[in-house]
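Working notes for the structure below.
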Amino acid sequence: MQFNSDNWSGAHPDIVAAIAEEAARDGGAYGSSPVDLALNRRFSELFETDVQVFPVASGTAANSLALAACGRPGGIVLCHSESHVEIDECGAVGLQGDSLRLRLIDGPGGKMQAADLAATIAAFPKGHVHAGQLAALSLTQMSEAGTFYSLDELRGLAALAADAGLAVHMDGARIANALAGCDASPADMTWRSGVDILSFGATKNGCVMADAIVVFDPSLARTLPFLRMRAGHLLSKSRFIAAQFDAYLNDNLWLKMAGHANAMADRLRAGFSKSAAVRLAWPSDGNEVFAIMKTAHHQKLQELGAQFASWAPGPIVLEQDETVVRLVASFNTSEEAVDQLLALVADL
Amino acid sequence: MQFNSDNWSGAHPDIVAAIAEEAARDGGAYGSSPVDLALNRRFSELFETDVQVFPVASGTAANSLALAACGRPGGIVLCHSESHVEIDECGAVGLQGDSLRLRLIDGPGGKMQAADLAATIAAFPKGHVHAGQLAALSLTQMSEAGTFYSLDELRGLAALAADAGLAVHMDGARIANALAGCDASPADMTWRSGVDILSFGATKNGCVMADAIVVFDPSLARTLPFLRMRAGHLLSKSRFIAAQFDAYLNDNLWLKMAGHANAMADRLRAGFSKSAAVRLAWPSDGNEVFAIMKTAHHQKLQELGAQFASWAPGPIVLEQDETVVRLVASFNTSEEAVDQLLALVADL
Amino acid sequence: MQFNSDNWSGAHPDIVAAIAEEAARDGGAYGSSPVDLALNRRFSELFETDVQVFPVASGTAANSLALAACGRPGGIVLCHSESHVEIDECGAVGLQGDSLRLRLIDGPGGKMQAADLAATIAAFPKGHVHAGQLAALSLTQMSEAGTFYSLDELRGLAALAADAGLAVHMDGARIANALAGCDASPADMTWRSGVDILSFGATKNGCVMADAIVVFDPSLARTLPFLRMRAGHLLSKSRFIAAQFDAYLNDNLWLKMAGHANAMADRLRAGFSKSAAVRLAWPSDGNEVFAIMKTAHHQKLQELGAQFASWAPGPIVLEQDETVVRLVASFNTSEEAVDQLLALVADL
Amino acid sequence: MQFNSDNWSGAHPDIVAAIAEEAARDGGAYGSSPVDLALNRRFSELFETDVQVFPVASGTAANSLALAACGRPGGIVLCHSESHVEIDECGAVGLQGDSLRLRLIDGPGGKMQAADLAATIAAFPKGHVHAGQLAALSLTQMSEAGTFYSLDELRGLAALAADAGLAVHMDGARIANALAGCDASPADMTWRSGVDILSFGATKNGCVMADAIVVFDPSLARTLPFLRMRAGHLLSKSRFIAAQFDAYLNDNLWLKMAGHANAMADRLRAGFSKSAAVRLAWPSDGNEVFAIMKTAHHQKLQELGAQFASWAPGPIVLEQDETVVRLVASFNTSEEAVDQLLALVADL
């Protein structure tokens, strides 16, 4: 009953097999092997447009380097106040982006609202050197609160950014979960909605270690080879990442794994909705479930082998003996584990 | 006949098996799993002293973060003019080290000499703010020219650095080859010779992706968790690196692999010494062989399937139609491949 | 009727005379002249403790370098959301502080409240590398809203910071106005209240160009010589700044100038309080007055020669045709200018 | 007998008068006053082309910000191994330039030679991410060894740089001395010779504090307002720098001062050439004289009141009891001081 996070999960056998196969042969270093060289074409087909792909070692690397590619001296990135780049990356954007800064925008459900974005943009007149200059908008899909931006929402926010001359970045650490849960293509959810550059995460969704920056706007790809190299994120045996992506995209493995994780989260949500002891903290869409329970119940469930952690309550007003918890399902979460947890909850 | 580089090689089956085993189970993220938590003890036993280990995604990451841990504002790192940190890392030290700079010291055979180090140190009086302040000495073992520093040489250089208040870093991207080729223990070659912090490379020697910073001076470990995190080099599934190190150290696999690579290079060196068409550019000790041949011969051998690249001649004076080439043997280089190449050379 | 800002004002004749006197002789460069060398003693007497003084070229330089001296990798500085370092310095802290970040804390009247500071500190558990590590608290005295922190407020906030291991910085761009308006000594308002490092501004208060970092905690002074030099803020003819400070402190010139500016602002406040057309936006203490007037009135007064700009209303709720304006008095603001403006206001 | 450096000298009365005049009136802050706004036109006339001027607080600021404007991720600036940016600026280029690096090129007399520049450029193939990417060439006129590049030399070097896509920067901390000593116009020595961006120094030549970046290639001016602001080098009372430049350029004051300094250095050189005790270390052209004397003589002259310091001998081979010294003449060096020193030398 491991619901701590999807990066606690192992890796899919097909991913491991791809690594093993690559290990059995020699191949060009630093992105020069056949499987490396096929990546651009592979992702271009997936996204139905010409893209450039830059594998890196972590989601933090993908986010910070992608935003660095959008950077300007005195630059500012607009992002949600709960976004991973602000809360969980130890200032990586400031390092890779040469003192690029984040300006936070609040919003319910982990999502930014168009009016708030418009107001913030208006507060930064062009050429006012004291304030610095806006460089990019960063949106997280799915969001840190487990919610999805609709395509309309994405397009509205991206249009505001584009009008102000900002690049649009999407933190897609869990984009597979968003795509598996929507009726939209990868192209729809990204460049057709105005996204210029994407952090494409696969590590959380069944890979060993596979993250990449996918660049839709070719002007943003010019500095990336150098930004990535000086960051130590061009790996000598990068073909082992490329091979993972290859297996990941084969036969829609990635969407199947994400779809399974979402389904397991749905099963949790459905179970919780019938529970007297637990209620949902807020609605979520993908593989993350946020619930409110008594702190003592959380402790008891942990003692009984259910692993999941408490979470920042945000705007939620709790009773004193309550806590918000997050449960994350992943590609290898079993129905049995979910049902076992729900049984324990039913017994609370 | 792949002699391009040891990072062109695949990975050892034991390493792949360790990844596969880890993939089959869930485990704590960001270094909290059992195999992660055992790393410090494992390396402490290996080095016969208490060390702290920080796995990272690449050798460039290890070098730049290790040196950043030694950094100071206006800081300067002394290193050989052919060192990897200067030539091959795109300024990574300046990024991770917050504008830390490299000051180059020449020296024959890829090695720095004590008198030159002493003279350079003398040129930076303490507190002279215009020049900046010396922060660290970085030594590469084995060197970029394929040579080994003797323990006496290491101790002499490290003592000069320590007297001047500098931290001593060792770039050990190929330390396994140096250890396999010497009669010295890991402890002898590092902290007992005055090394404070080590880039411990395993990727080139049969791993998929496994590099680490090993810290002997605990004061240098204080900032590393934050330096690594903001660099995007704390991997969420870092247990897949830890598992590789585990297998790598088991039953001396690492020294066996490096010893094999060295032996294959010895076989090449022995063969070349009998050749009329090829001569050694300079003596080397480990798994790299530097040779001089006619450019036309280099081209012909490549056409016949022998893969190896030309190399900067450094101080070597060549005939006009000659070139310096580098051949690198690795854990999976076969005697057959070596002999096949030597046969082609004999036919030149 | 120039009330735009105190940095629009000229310079006091005594300051100019000090420059002229220094110009007539040669003297040591880079802080080695007699007037430079006397600065530490001069400021130590002023602050009744041993301090180290680092003149720099601007208030932004003083703030960013002082905070850089408190920096740590992945570091975070807590400051008010309206603070100059956030709003007006184009990310200088991130540059000088090697990707040091600002975390904003709201609070009425430009001041941070203890409960909010405590809650923010609590949100950053030590050693949680994802979030980064708290490095410093920055307080602005007088604040950007023209208000003073009382000594009790300063002590309370500084104590919370010290308990959490943070350095305490004071942005004293207008500390002279705060001191001239309070019954507190320079020592009381700074180190006796827990301030470790101070940006001591004189440029706005009658100097040509004179800012300095005053260090109370000697451990924070170790890196500053190098931080300042690499920033281009160690001036070759720094004795021209030192000479300004010398004249500035002579015979309490600085407090006389600031006291005059405060008195002129008082005169404005008193006048506005009798006006039907203008009301104070919020109470302020020093040489800045924030008022609400009809936008048309603002425009009319400007056409009649009164210079002052509109200001961010913050939490103030305005009528649609109203605006918040800021009027700043300085060392050379005349009673005549104030009365002339008040007469125009009376005629609105 | 002060020959330590031209930045030990005071300031010309006309410069002080300009400051005093500006001090007596109020004016726009941050470059918005009339004298600020006239700078671009003033310098455009001087250089016979449209330029943009960015006053800053120091020569180090000018150099590092100018090169930052030419920067690229993983970027490298080529400069002479004795250049001020390498030797005397504490890594400022790395800070302002976001880990921009310097690559040193040796050459006699403080000057780079075309063949060496060409060879270095050839060593950096475009797109080789490991090495980084060349960004700019920085030339110092007059050089650190007191020599002038001829226009032909400048054009040759600049053409090589331009062909390789590098921006060309001139460190003109003593450009006035070079211009006063040549038969070339400011335009000839800069943009007509291929210079894209210039550090225009006036501080050493009779100003209190006046340095500026002069931009010939408008594409390099786009980021400078933000680079300068985040560096703390946009001064609130920048009109006090602008006023100095105004007086500096009036009636050719700048060239008169530099011409006088050069003449005093000529007088020193002529005197030394007749001396048995002192000989020139190498030929120099402007206001700096490099001489070889016995260390005991240097000490004796200092005891007799002659101020000048020893200097790095570079390639000069000295007798054991000899030292190289540098003597710098400035705008206020008197014939009497020179003759007094020469008399002391004659008595050695």
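A, B, C and D label the chains in the order they appear, each numbered from 1.
One rule holds in what follows: a residue touches a chain if its C-beta (ideal position, glycine included) is under 8 Å from a C-beta of that chain, and two chains touch if they have at least 3 such contacts.
All figures in this text were calculated on a predicted structure; none of them were measured in a lab.
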(message) Taking each chain's centre as the mean of its CA atoms, which one is most distant from chain A?
(response) D
(message) I want to compare two interfaces, A-C and C-D. Which one has more contacting C-beta pairs?
(response) C-D
(message) Using mean CA coordinates as chain centres, what's the gap between chain B and chain C in Å?
(response) 50
(request) Give, as an integer number of Å, the spacing between the C-alpha centres of chain C and chain A. (result) 41
(request) Can you check how far apart chain C and chain D are, centre to centre, with Cα atoms defining each centre and the answer in Å? (result) 34
(request) Would you pick out the residues of chain D that each touch at least 2 other chains? (result) 30, 74-75, 89-91, 94-95, 99, 129-130, 132, 226, 229-230, 234
(request) Spell out the part of chain C that touches chain D in their complex, as residue ranges. (result) 2, 4-5, 7-13, 15-16, 19-20, 22-30, 56-62, 64-65, 89-92, 94-96, 203-204, 208-209, 226, 229-237, 240, 332
(request) Report the residues of chain A in contact with chain D in the complex, numbered from low to high. (result) 30, 68, 72-75, 98-99, 127, 129-130, 132-133, 223, 225-230, 234
(message) Could you list, by residue number, the parts of chain C that touch chain A in their complex?
(response) 74-76, 87-91, 94-95, 99-102, 104, 129-132
